[in-house]
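Got a structure for you, questions after.
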Amino acid sequence: MAPKKKEVLYILDLIGTFAFAISGTLAAANKRLDIFGALMMAAVTGVGGGTLRDLILGAHPVAWASDYNYLIVISAATAFTFAFRKTVSKLRKTLFLFDTVGIGVFTVMGLEKALNYGILPGVAVVMGTFTAVMGGAIRDTLCNEIPLIFRKEIYATACFVGGILYLILNHFEINNVLNTCLTVFTIICIRLFSIKYHLQLPVLPEEA
Amino acid sequence: MAPKKKEVLYILDLIGTFAFAISGTLAAANKRLDIFGALMMAAVTGVGGGTLRDLILGAHPVAWASDYNYLIVISAATAFTFAFRKTVSKLRKTLFLFDTVGIGVFTVMGLEKALNYGILPGVAVVMGTFTAVMGGAIRDTLCNEIPLIFRKEIYATACFVGGILYLILNHFEINNVLNTCLTVFTIICIRLFSIKYHLQLPVLPEEA
Amino acid sequence: MAPKKKEVLYILDLIGTFAFAISGTLAAANKRLDIFGALMMAAVTGVGGGTLRDLILGAHPVAWASDYNYLIVISAATAFTFAFRKTVSKLRKTLFLFDTVGIGVFTVMGLEKALNYGILPGVAVVMGTFTAVMGGAIRDTLCNEIPLIFRKEIYATACFVGGILYLILNHFEINNVLNTCLTVFTIICIRLFSIKYHLQLPVLPEEA
């Protein structure tokens, strides 16, 4: 992997973690959790998906256990949300953008890590998607709600489609940096497009 | 392990996974999840128990990450349920039978895998039971309900009793294939018997 | 580690597990779970935190899979609660004391185990806290409630502060046995003090 790509992905990864951690803190606030609960929610939302991926891959130690920056970014997100509550509410659009870039980056990083561990390509796409979406799913479960991503919005689907694209481009030996950019860009576009046009996945009819 | 036994167990394992995945898809439909949520529910129900077992044992990669058949069976179960909703409702008895065979097979496979990893026999029985029941427990937790198997029905108990029987027969060096058949058969019988006679485990009285 | 310290910690660990398992059994009773559900709740409350820690550390096999005493203590706690329901209600203060000693011991054991696995010190404190509090958090999530420790009471905070103290004393090369005693004692004091004076952590205001 080109060193520059690695650095850029790392910074985007931390930005995505920041956006995820803020969404965890806000969920905690809505449920009247205390500051410790808010920190926990920020942490599981921020690094929960990657942790689950690493557990399934058997990748030890998990990313945030060998690099303080993750815990620092998470704590900063919670502190920032507590200190500038109103500003955070106004930053909704910026945070949404961070979050969207985040899922794109998380997907590629998770997918590449899984491939490095010798996982089947089709399963690696699932791992990439997990990295992006499971943090939010654990957050919702802890908050006693059915995970939002299971109920509506094109979210995991964007990651999954992006992952498939990555595999196809990889198969045709497209330059890895270009492939990464195209994949992240595609995920972001699908997500923005589906939000703009209120696209949703079909729902199975209830039992008669 | 006799190669034939291995093949038969593998096929029964996939059939059990199929039945579990359908139950996950139906739970998703009842909660108005979209098709991605349904797939996730199908997956955690189908392979969640085995995944949890593999994580605790430190068995990497987990079964479904090195064999596409699991993801194929899970996707097929969700697609089948979406396409033939009414048929699935009519297949209730067949699915119940698949599910019952499934927990028997899952128990023996989980138990044997744990023993292969040098786990204490008594703990291996717990691992076998986990393999059979935790997928459903995770499904219910994600669906925001207290796991059914914690509340009623002789389900985990059947697996546990079967696991103990396996250890006893193993201790007396009964032929492994015979032991497996007897264990699976016992689990199926206990399950069918308890459903037929509405047997339930006792409940602790509420706090006075 | 002095052999005596190891033995004392081990016995305190089992006592803490016993207290945690009883709290899991009582939670199960309040939710009208059957005896299997009660056992499961006792188990996840008693060893769930340590199991999660071991999974994240990649420590295999997890503690309770290589030592029957944990499963025995958990089963004994459930049996005891079923048999002597009224006595257990009267033992509230004793159990609270066991629980409080338990979180102190769990924190130090988790922290030291993480350090032994070469984890960053600041992350090891998080691991120690996880060991102490995540069992209860999983119990509450399975019971379909938002984890109590995320909502109120100085509980995880006591563990965290104790963990920081341990690192500081360790840095100054204080005798390990003395350090352990001081850390456990500090955690117990913070916990008792905060209960006595109804101290709580601040809560983030709801979204305007």
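Order as written gives the chain letters A, B and C; numbering starts at 1 within each chain.
Assume a residue touches a chain if its C-beta (ideal position, glycine included) is under 8 Å from a C-beta of that chain, and two chains touch if they have at least 3 such contacts.
Remember, it's a predicted structure, so these values are computed and weren't measured experimentally.
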* Between the chains shown, work out who touches whom and classify the graph as line, ring, star, complete or other. => complete
* To do: Same or different, please, for the subunit A to subunit C contact, judged on whether over half of the interface numbers appear on both copies.
  => different
* To do: Fit subunit B onto subunit C over the CA trace and report the rotation angle, somewhere between 0 and 180 degrees, nearest 5.
  => 120
* Which integer distance in Å separates the CA centroid of subunit A from that of subunit C? -> 30
* **Contacts with two or more other chains, residues of subunit C listed in rising order** => 55, 58, 141, 144
* Asked: What residues on subunit B touch subunit C, complex-wise?
  -> 55-58, 117-120, 122-123, 126-127, 137, 141, 144-147, 149-152, 156-157, 200-208
* Structure fact -> In the complex, the residues of subunit C that touch subunit B are 25-26, 28-38, 40-41, 51, 55, 58, 60-62, 64-66, 68, 71, 81-82, 85-86, 89, 141-144
